[in-house]
Structures are given as structure tokens and as C-alpha cells.
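Both of the next two complexes hold subunit A, though its partner changes from subunit B to subunit C.
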Partner chain A sequence: MIIELGHFAFVLAFALALAQTVAGFAFWQRGGAASHFVQQAAIMQFVLVGLAFAALVQAFMVSDFSVRLVYEHSHSIQPTLYKFTSVWGNHEGSMLLFVLTLALFGAGLAAFSRNLPDDLRTLVLSTQGLMVAAFSAFVLFTSNPFWRADPAPMDGTELNPILQDIGLAIHPPLLYLGYVGFSICFSFAVAALISGRIDAAWARWVRPWTLASWAFLTLGIAMGSYWAYYELGWGGWWFWDPVENASFMPWLAGTAMLHSAIVMEKRNALKIWTVFLAIITFSLSLLGTFLVRSGILTSVHSFASDPTRGTVILAMLAAFVGGAFLLFALRASALRSGGLFAPISREGALILNNLFLSAATAGVLVGTLYPLVLEALTGARITVGAPFFDVTFGALMVPLLLLIPFGPFLAWKRSDLVAVTQRLIGAIVATLVVTIIVFALMGFPVSLAPIGLGIGFWVMFGAIAEIADKGAIGRASLAQNWSRLKGLPRSVWSTAIAHFGVGVTVIGIVCATAFQTEIVTSMRQGESVEIAGYTVHYDGERLVEGPNYMAEQGAFRVTTPWNTTRGITSERRVYAVSRMPTTEAGINTYGFTQMYIQFGERFGAEGRVVRLWYKPYVLLIWLGSLIMAGAGFLSLTDRRMRIGAPQSARRKQSEPAQ
Partner chain B sequence: MALTRKQKRLSVIAGLGVVLALAATLIFTALRDQIVFFYSPSEIAERGIEPGLPIRIGGLVLEGSWQQDGEANVFVVHDGETQMTARYSGILPDLFREGQGVVAEGAVQGDGTFLASSVLARHDENYMPREVADTLRQQGVWQGDEE
Partner chain C sequence: MIRRFLVLLVAVVLLAPVNGFAVQPDEVLDDPLLETRARAISHNLRCLVCQNQSIDDSDAELARDLRLLVRERLVAGDSDTDVINYIVARYGEFVLLRPVFALHTVLLWIAAPVFLLIGLVVVILGARRKRATAAAASDPKLTAEERKALERLAKD
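And then the complex of A and B:
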């Protein structure tokens, strides 16, 4: 009964979204009642989709196997958490979560947009409503999670065991909040193109949504990467796999948009480009959804994909992206750009940032889609390997990373590179010293690793130098330093912190790639093996019973170079219902460094194949990402986000065309 | 810096053009060198793939062919027509099974065997790598439903 109510609520949400779209687009210039209706509809729609989602959650929690989706993806002996996460551990439920997120952002905008002009809000919400309508139709007609199974089976067939992990509770919702969140930026762009009004105030209104989506996406990607790292048991944290690229491309484009919108907000320039990026970013999210859902590209993360339904997503992708670009082509010329600036200026630096980020996005896009194109054209089946991405992406990131510390020091309009370099002299010297020390410690090898580390340190020191400079540290009394630092806007802090996070991630990547050690060996009970100064002792195996699996558990003891010893266990599980085996890696953490043990097949009477990794400073990769996301959220609390931009909104009417 | 608005815009556009051209060159050069072709054992036999070239092969693991000696694995990949012996040192993915689909990346050796540097894992019991499904369909071996 509850599931039917959920189904009904969802149909209502679909109808309401249609009404919202039609009414909004028809009467957006009228304001008044239409504007009010669209706002209420957006909020009500979220409530309805939320009810539908809750009904499905309830079916999973009580293991109602008369619902087909529950039967196919859950089991009564699954731990409660995994019953809950099973809701979106499949195609249908995952698409419902997608619609829920779309509706959430629509409702969020409707609720927190008092300082938005009525017509703009109505247009944004209508566009958002159109997307909710399209994706609800997709869910209702091709991927309906509410169908019953008749007769009801006795028990379910279990969630894919590899998904039975806390990671499934965290990664997909965060990822959706991120890349579906960019839908609201897309709606803002479409609204701007339709109304023909776009200015600095527009950039300020979009900014909190871009920031929030970007921060969530950063978290989502980082959590996904960490999850794959510990769950897949290969010790890798990024494979340049199509599914990973699918979420990474919107991140790159979104990062570019975050920066170009600053120029638009402060200097009223780069308008067309920012609108273009807003469209591109969400288009890449939709492309990602298509790639992931259709399974058209072979991925290590593939599950629950379905090529036939993928075609429908492709059609929707074509309609939304094609429509938006058509609008863009028709209307973009009407947008006048203002703001003159010299090449050496804050604007110039942000343009370079955008250039490198877009080129990197294009590189990842080409590498991801090339196999599809080549197969369609020549029939050859290929994969584009990680080296392609390492080379192209790496080559584009190096200049970008080198430039980051300069950006915040450059003045708007026109700046002086020599003066900026002088203010950065402390960071430059510190970076050179650290790089040379690293080179010396490594014995002056012919290797790029110290240079990579140097780049990471440069970005970090640059961020510190920015704060030090703004706080006049070394140039004024401590009391003055303190009051200056306290007075800095949070957006300045968050810029510096986010850039610092980039440096931390770079250092983690370089260390984990260049200095990791890996050993594959066969071990008998009682044997030891040495890896990077650590001694790993194999104590033997035992059988362990989990709630819904049996595991062969290998027990190890790891002795560090400083003579502390800690146990570690690694398992090979077989899940009771699906009979599917999985490997649970054993991981010990020492500071930011990890020892990673994978327990392999039996070898002889009491031996085991064991694969060990020593991963120095690997945690910095994710720590840096957390810092970046945290900076994004901090920036959301900046004063100008709260007060909105009423004066700019009024100025817009009187502002002469430049 | 007495550039006119137009000159400034042109200089910015020229700068952008240069960077984009560099990026494009980089991408397409790397693409030429870094793509890995996928072949079935039959295609390898027909085309005579040169030893040492990085490729992917895919097919079914022949029943009863998998031998293990510690971390050293030997198994036979077939597509219903041709068989190819593959060797891999390490821990095979959890879902590696005899009689099931497999994709391996590596190179053909001088002796005609395949030395795999990695064996692609699947996440899903029911999931058949698309290339493998296509290969088997071409050879008429595939009996599963349309995916």
C-alpha cells in the first residue's frame, strides 16, 4: 500500500513539474501569481518526490519483497545499513535519487531566493521543472522502481556484495548533490539567455549554488576514490576509468566556472564564457550519467547498467544540451561584455586558469569518448590507457599549478608581475629550499618526483604567502596582524585554503605514485617479509562468520622501522546469497602513510598468495580534497553570500551598455 | 600599454589559440601512442600481432585450464574457435572463474603466449565485458540474453 502511495506521489510530482514548466515559461514576465505558483510548485514537488523516495526506503527497510526492486537488490539477512543503501545501489533507485536531487535544488532555490527578481526566479525554476519532468518521465516509463512482483518471492537476491560497504551510503548521495547540483547553474544560464539580462548580479546569485555543488562534487569524487581504493583491493586510487572521468569532467568544468564567475561578478567581463561554462558543466554531468547508466564503455566500476535505457538518456542529453546550445547561439550575441583589462592582471590570470582547465576537460573528454568514436568509424575496439591521461592531463596541470600562487596577488585590471614576484619571494625561496632538500635526501636521482613535490609545496607556500601578505605579517605589529587577519573576508580565506588543499593533494599524488613499494609473494604461516623498512609477519588464517558472509581471514603483524607492532587482518569473503566472493584489504595507517595488504588464493597446504603495498603519504590525496571542499563550504558563509546583491540588481536597469 | 580594445582582445585570443593548439597537439600525439587495441584470440591468430605490442585480449577462460603456482597463474582464453595461453603473476580478481569472461591487458610473447600485466575485474556476477560479449556473439558462442 505504502509503495503505491509513493508511486502516486511521484506521478503527482511529475504532473506538477509539467505544470510548473508550462506556467513558468508562459507567464514569466507577468510576475505575481505565476511567479508565486512556480515557487510553491517547486517546493511541493520536492516534498512529493521525497515522499516517493521515503516509500521506497520503507519497502527496503522492512524487506517487502513484493516490490520487484527490493527482491532484486536486497535480502532479509543484510545488515540494516545495507538494506537502506540498497535503495540507490541499483539503476531504478539511483535514478529516483537523481530526480530527488534535481527537485531538492529547485526547492532550495524557491525557498532561498528572496533577493532574486521574480522573472529570473520563474525562468530558473521553469527550466529546473522541465528537467524534473523529463527525468521523472524517464523513471516512470523506463525505470520504475515501484513495480510489484507477483507472486511475492520469499526472499531477495541480495545487493551486489561489492556495494555492501559504508562507501555506498556516502559516495553516491554526495556525488549527486555535486553533479546534479550543477543543474541549477544550467537553469540559471538558460534563464539568463531567455531573459537576455545577464550581469554581475547574476554571477553573484549563481555563485552560492555553484560553490555548494562544487564542494559536494569534490567530496563525492574524493570519497568515491577512497572507497575504490580500499574496496577493490588493487591499491589504486584513480584509474582514469570512464566512470571516474564521467564525474571528473564536470568537476574540471565546474572549477573553471567557479573562477570565471568571479571575473563576471567583480568586473562584469567573461559573461558569455561563464554562461557557456554553466551549460557545459551540467551537460558533462548528463553525459556522465549516460556513460555510467548505459555501460557503453567498459568500466571497472560497472554495475547496474542497461544499454536500452541508456539510449533514452542519450536522447534527453541531446535534447537538453542541444536546446541550451541553440539558445546560446541565438542569444549570446545579445550579451555585451564590459570590463577592460591588461593581459597581466587578475582577470588575465583567471582566463589562463580557465584555459588550462577547459583544455584539460577537453583532453579527458577526448580520451574518454575516443574508443566510442573509433569503434563507430572503423570497428576497431580500443581502450585509451592511463598513460594517455597522465601525459595530457599532467602536462596541462603543471603550468596551471605553477601559476596558482600568482593569481591572488595580481590586481584587477592591470598588475605588475615583478612586484608580485617580489611579494612571493618568501614562497619562492622556501619552495626551492624544500625541493633541493628532497633531491638531496633522495641522492639526486634522475626523477621527476622531487620536482612534483616542489610544485605541490609551491602551491601550499603560495597560499600561506597570500594570507601572510594580506595580514601584513612581518610588516606590522602582532596586534595589527591579528586584527587584519580577523578582518579578511571569508572568501579570501577560502581561496587560500582551497589552493593550499590543491598543494596537499599534489604532494599526496606524487608521494603515493613515486615512492610506493609493492610486493607479490607467497607466504606460509609464520613467515615474514620486509617492505620499505616494515616487517610483515603472517600469523595464519582462520574462518570468520559475518552477518551475511563467510570469510577466510588472514592475520598479519606489522612491525614498523621504529619498532612498534600492530596487527592487521585481510579477508576473502563469500556472500551467502549471491555466492559472490570479495576481497577486503587490510589497511594499517601510520600518520598519512598506509600499509595495505591483500589476501590472495591458497598456495599449497598452508600458504597464501599475498600482495603488499607500502603507500607513503597516500592519505594526503584525500585530505587535500577535504580541505578544498571545506574551503568551498567556508566560502558559502562569506558575508556577500548572505546579504545578496540588491544594489547591483537595481543598478542593472540603469547600467549603460558599454 | 596603449592597446586598443580590439588589439587587446586580439592578443588574448591569439594567446588562447596558441595554448589550445598546443593542448590539441599534445592530446592527439598522446592518443596515437597510448591507445590499446582489443583483440579476440582469433583476431590475434589472423592478424599476427607483433610480440611486445600492448594489447587487450578477451574471451572465455577455458574450463580446466587454470593452473596456479603461488602468484604465478596460467590459463587459456578462447573465443570458441582459437585458444590462447595467458600468464599472469599476481592475485586474480575475485570474479575470475573458469568458463567465464575475462579481459586481460598485456602483450603477446615470442613463444605465442600472452603475458598479462593486468586482468580486468568485474564488479558484478552477471556482468560480461562488452568486448567479450561482442566477440562471443561474432563467433556464435554467446548464449546469454541480450545485455
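And then the complex of A and C:
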């Protein structure tokens, strides 16, 4: 009964979204009742989709196998958490989560947009409603999660064991909050093009939504990467898998948009470009959804794909993206862009940032789609894998990373590179010293690793230098430093912190790639093996029973170079229902460094294949991402986000705005 | 009952000999230099039956065969290029994770740099045009002195 109520609520939400779209687009200039209706419809729609989602959750929690989706993707002996996450560990459920997120952002905008002019808000919500309607229709007609199975089966067929992990509880919802969150920026862009209202105020209204989506997407990608690292079992953390690329492209484009919107907000320039990026970013999210859901690309994520549904998504993709670009082509020329600026200026730096980020996005896009297109056109089959992306993407990132510290020091309109370099001299010297020390410690090898580390340190020191400079550290008394630092807008802090996080991630990547040690060996009970100064002792194996699996568990003891010893277990599991084997790596963490042990199959009479990785500073990769996302959320609390009107209060402060 | 079933299951699934796991200890060559070369080559070869995995990471039988083949050729004295050519001749270009640079892949390789260049050109031309329009629109009757004063102001 509950599932039928959920189904009904979802149909209502679909109808409401249609009504909202039609009413909104028809009467957006009138304001008044139409505006209220659209707002309330957006909120009500979220409530209804939420009810539908809750009904499905309830069916999974009580293991109602009369619901076909529950039967296909859950089992009564699954732990409670995985019963819950099974809701979106499949195509239908994850599309419902997609619609829920779309509706959430629509409702969020309806609820928190007092500052928005009525006509703009109505247009944004109508566009958002159109997307909710389209994706609800997709769910209802091609991927309905509410169908019953008759007669009801006795028990289910289990969630894919690889997905039975806490990662599934965190990664997809975060990713969707980011990925789908960009839909609101898309709606803002469409609304701007229709109404012709596109100015600095528009940039300010979009900014919190861009920031929030970007921060969530950062978290989602980082979480997915860490999950793949510990679950897939060969210690890799980024595979340039097509589906990873699908989430990475919106991130790159979103990062570019985040930066270009600053120019638009402060200087009323780059308007056309920012609107274009807003459209592109969500288009890439949709493209990603299509690539993942259609199964057109082979990937580790193709646990739930169906080519026929892919066609429908492709049609929707074409309609939304095509429609938006048509609108763009018709209206963009009407937009006048503002302020002039010299090449060496904050604007110039942000444009350069955008050039590199969009070239990187284009490179990843071409690399992901090239094999498909080539095969379709010529029949030739090639693979574009990690080694290709490492080279082409890396080549674009190096200059961008080198330029990061300069950006925040440049003044708007016109700046002086020599003066900026002088203010960065501390960071430059520190970077050189640290890089040379690293080089010396490594014994001056013929290797790019110290240079890579140097780039990471440069970005970090540059961020510190920015804060030090703005706080007048070394140029004023401590009390003055303190009051200056306290007075800095949070957006300045978050810029520095986010850039610092980029540096941290770079250092993690370089260390984990260049300095990791790997040993593949066979071990018998009682034997030890030495890796990077650590001694790993194999204590033997036993059979353990989990709630829905059996596992062979290898027990190890790891003794560090400073003579502490800690146990570690690594498992090979077989899940009871699906009979699928999985591996659970054993991981010990020392500071930012990890010892990663993979328990392999039998080898000879008593031996076991054991693979060991020593991964120095690998955690910095994800720590840096957390710092970036944290900076995004910090920026959301900036004064100008809380207060809609241009800051008259700030002018009264002693410090003039730069 | 369920427990006994599970134990049986482990026995059947995990202990079956077919289930290999990435690089095996018995595959590793005695000569560390050759082994390093073998690993480097394996990183760039795709496991044909897997989803976007290199043969170095894959636990499929076919990947193991390829790893052994690479090592066989290296021991026989082939250079790295020889080995790769040998594998490509047998399995086609599809095995290369890093595509060759040739006529049919030229667009792939130059896409990002060309995009960057075009972007730069567009930005520079756009800025010039804007400057020109702005200059034309500004009052032409400024005296030389006023112009200098303006420039000084703009520099600040």
C-alpha cells in the first residue's frame, strides 16, 4: 500500500512540475499569483518526490520483495545499512534520487530567494520544473521503481557485493548534490537568456548555488576515488575510467565557472562566457548521466545500465542542451559586456585560468568519446586509457598550477607583474629551498618527482603568502596583523584555503605515484617480508563469517621503522546470495601514509599470494580535496552571500576594497 | 545449515584455481631490471576482456597470458618497442592504453592544445577589438597633456 502511495505521490509531482513549467513560462512577466504558484509548486514537488523516495526506502528497509526493484537488488540477510543504500544502488532508484536532487534544488531556490526579482525566480523555477518533469517522466515510463512483482518472491537477489560498503551511502548522494546541483545554474542561465537580465547581480545570485554544487561535487569525487582505492583492491585511486571522467568534466567546467563568475560579479565582464559555462557544466553532467546509464562505455560503474533507456536519455540530453544553446545563439549577442582591462590584471589571470580549465575539459571530453566516434566512423577500435590522460591532462595542469599563486595578488583592471613577484618573493624562496632539499634527500635523481613536489609546495606557499600579505604580516604590529586578518572577507580566506588544498592534493599525487613501493610475493604462516623499512609478519588465516558472506581472513602484523607494531587483516569474501567474490584490502594508516595489504589466493601447498603496497602521503590526495570543499562551504558564509544588497556597510570599514 | 552452505561456498569459489590475481609471484622474473621493464610495459597494455584495466592490474586469465607473453619476449632479448609491436600485431591497437600518434588519432592528441591555442587567439583578438571600439568611442579632443594625465591615472 505504501509503495502505491509513493507511486501516486510521484505521479502528482510529475503533474505539478508540468503545471509549474507551463504556468511559469506563460506568466513570468506578470508576477503576483503566478510567481507564488511557481514557488509553492517547487516546494510541494520536493515534498512529493521526497514522499515517493521515502516509500521506496521503506520498502527496502522492511524487505518488501513484492516490489520488483527490492527483489532485484536487496536480500533479507543484508545488513540494515546496505538495505538502505540498495535504494540507489541500481538504475531505477538512482534515477529517483536524481529527480529528488533536482527537486531539492528547485525547492531550495524557491525557499531562499527573497532577494531575487519575481520574474527571474519564476523563470529559473520553470526551467527547473521542466527538468523535473522530463526526468520524472523518464522514471515513470522507462525506469519505474514502484512496480510490483506478482507473485511476491520469497527472498531477494542481493545488492552487488562490490557496492556493499559504506561508500555507497556517501558517494552517490554527494555526487548527485554536486552534479545535479549545477542544474540550478543551468536554469539561471536559461532564465537570464530569456529575460535578458544578466549583470553583476545575476552573478551574485548564482554564486551560492555554484559554490555549494561545486563543493559537494568535490566531496563526491574525492569520496568515490577513496572508495575505489580501498575497495577495488589494487591500490589505484584514479583510473581515468569513462565514468570518472563523466563526473570530472562537470567539476572542471564548474571550477572554471566559479572563477569566471567572480569577474562577472566584480567587473561586469565575461558575462556571455559565464552563461555559456553554466550551460556547459550541467550539459556535461547530463552527458555523464547518459554515458553511465546507457552502458555505451564499458566501465566499473556499469552495474546498472540498459541501452534502450540510453536512447531516451540521449533524446533528453539533445533537447535540453540543444534548446539551451539555441537560446544562447539567439540571445547572447544582445548581451553587452562591461569593463576594460589590461592583459596583466586579475581579469586576465582568471581568463587564463578559464582557458586552461576549458582546454582540460575539452581534452578529457575528446579522450572519453574519441574511441566511440572513431569506431562508429571507421570501425577501428582503439583504447584511450590512463597513460594518455596522464600526459595530456598533466601538461595542461602544470602551467595552471604554476600560475595559481599570482592570481590573487593581481589587482583588477591593471596590475604590475614585477611588483606581484616581489610580494611573492618569500613563497618563491621557500619553494626553491624545499625543492632543493627534497632533491638532495633523494640523492639528485633523474626524476620529475622533486619538481612535482616543488609545484605542490609553490601552490601551498603562494596561498600562505596571500594571507600573510593581506594581513600585513611582518609589516605591522601583531595587533594590527590580527585585526587585519580578522577583517578579511571570508571569500578571501576561502580562496587561499582552496588553493592551499590544491597544493596538498598535488603533493599527495606526486608522493603516491613516485614513491610508492610494491611487493608481490607468496607468504607462509610465520613468514615476514620487509617493505620500505616496515616489517610485515603473516600470522596465518582463518575463516570468518559476516552477516551475508564468508571470508578467508589473513592476519598480519606490521612493525614500523620506529618499532611499533599494529595488526592488520585483509579478506577475500564470498557473498552468500550472488556467490560473487570480493576482496577487502587491509589498510594501516601512519600519519598520511598507508600500508595496503591485499590477501591473495593459495599458492603452492601452504603459501598465500600477498601483495603489499607502501603508499607514502597518499591520504594527502583526499585531504586536499576535503580542504577545497571546506573552503567552498566557508565561502558560502561570506557576508555578501548572506546579504543580498551590494555591501554599503563594507565601504565604511577603514580598508578600501581592492 | 546456512553456515555449512557458506563454508562450502567459500571452498568452491575462492579455492578454485582459475581465480588468479593480478601479477603472481611465479610470474615475476629473476632479473629485477627485466621485471621493471615488464611492469612498465604491462601498465600500458589493456586487458582485453576487462573494463578499462591494464593487464598489470587485472586478474583475468587472458591478462595473465599477456603478462607471461611480455616476459617471454623480454627474456628472449626483445626491446620494449619490439615487445609492444609484437603484442599489437597479435591483438590489434585496441590493447594500447596509450594510443599511437597516427593519422586516425591525430585529432585526439592535438585536441586540448589546439583548443587552448584557439582560445588564446579569440581572447586576444576580442580584447583588441574591444580596446579599439573603446578608443574610438572616447573623446578624441583630449590634449596631449590630458592624455598623459589619464595614462598616469590608469597606471595607479
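In the analysis below, the second predicted complex is superposed on the first by the 645 of 658 C-alpha atoms of A that agree within 3 Å, B and C clash if a C-alpha of one lies under 4 Å from a C-alpha of the other, contacts with A are read in each partner's own complex, and residues count from 1 in each chain.
Assume contacts are C-beta pairs under 8 Å (C-beta built on N, C-alpha and C of every residue); 3 or more make two chains touch, one makes a residue touch a chain.
Nothing here was measured: the structure is a model prediction, and the numbers come from that model.
By the touch criterion defined above, A:323 reaches neither subunit B nor subunit C. By the touch criterion defined above, A:540 lies against neither subunit B nor subunit C after alignment on the C-alpha atoms of chain A.
By the document's definition of touching, of the two partners only subunit B reaches A:160; subunit C does not.
By the touch criterion defined above, A:31 lies against neither subunit B nor subunit C after alignment on the C-alpha atoms of chain A.
After overlaying the two complexes on the shared chain, residue contacts for A:50 are found with neither subunit B nor subunit C.
In the superposition on chain A, contact of A:576 is made with subunit C only, not with subunit B.
Once the two complexes are laid over each other on the shared chain, residue contacts for A:552 go to subunit C alone; subunit B is not touched.
By the touch criterion defined above, A:630 reaches neither subunit B nor subunit C.
Under the contact criterion defined above, the residues of subunit A that touch both subunit B in one complex and subunit C in the other are 234, 298, 300, 302, 340, 343, 351, 355-356, 359, 362-363, 366-367, 370, 374, 380-385, 387-388, 391-392, 395-396, 414, 520-522, 572, 581, 598, 600-601, 603, 609, 611.
Residues of subunit B touching subunit A in their complex: 1, 5, 8, 11-12, 15-16, 19-20, 23, 26-27, 30-31, 34-39, 54, 56, 68-71, 89-92, 94-95, 103, 105, 120-125, 127, 129-131, 134, 147. Considering their complex, residues 234, 236, 239, 241-242, 298-300, 302, 337, 340, 343, 351, 355-356, 358-360, 362-363, 366-367, 370, 374, 378, 380-388, 391-393, 395-396, 414, 520-522, 543, 545, 549-552, 572, 574, 576, 579, 581, 598, 600-603, 609, 611 of subunit A touch subunit C.
Considering their complex, residues 2-3, 5-7, 9-10, 13-15, 19-26, 28, 43-44, 46, 51-54, 57, 92-99, 104-105, 107-109, 111-113, 115-116, 119-120, 123, 127, 130-131, 134, 154-155 of subunit C touch subunit A. Put simply, subunit A touches subunit B in their complex at residues 160, 162, 232-234, 295-296, 298, 300-304, 307, 340-343, 348, 351, 355-356, 359, 362-363, 366-367, 370-371, 374, 380-385, 387-388, 391-392, 395-396, 414, 520-522, 572, 578, 580-583, 598, 600-601, 603, 607, 609, 611.
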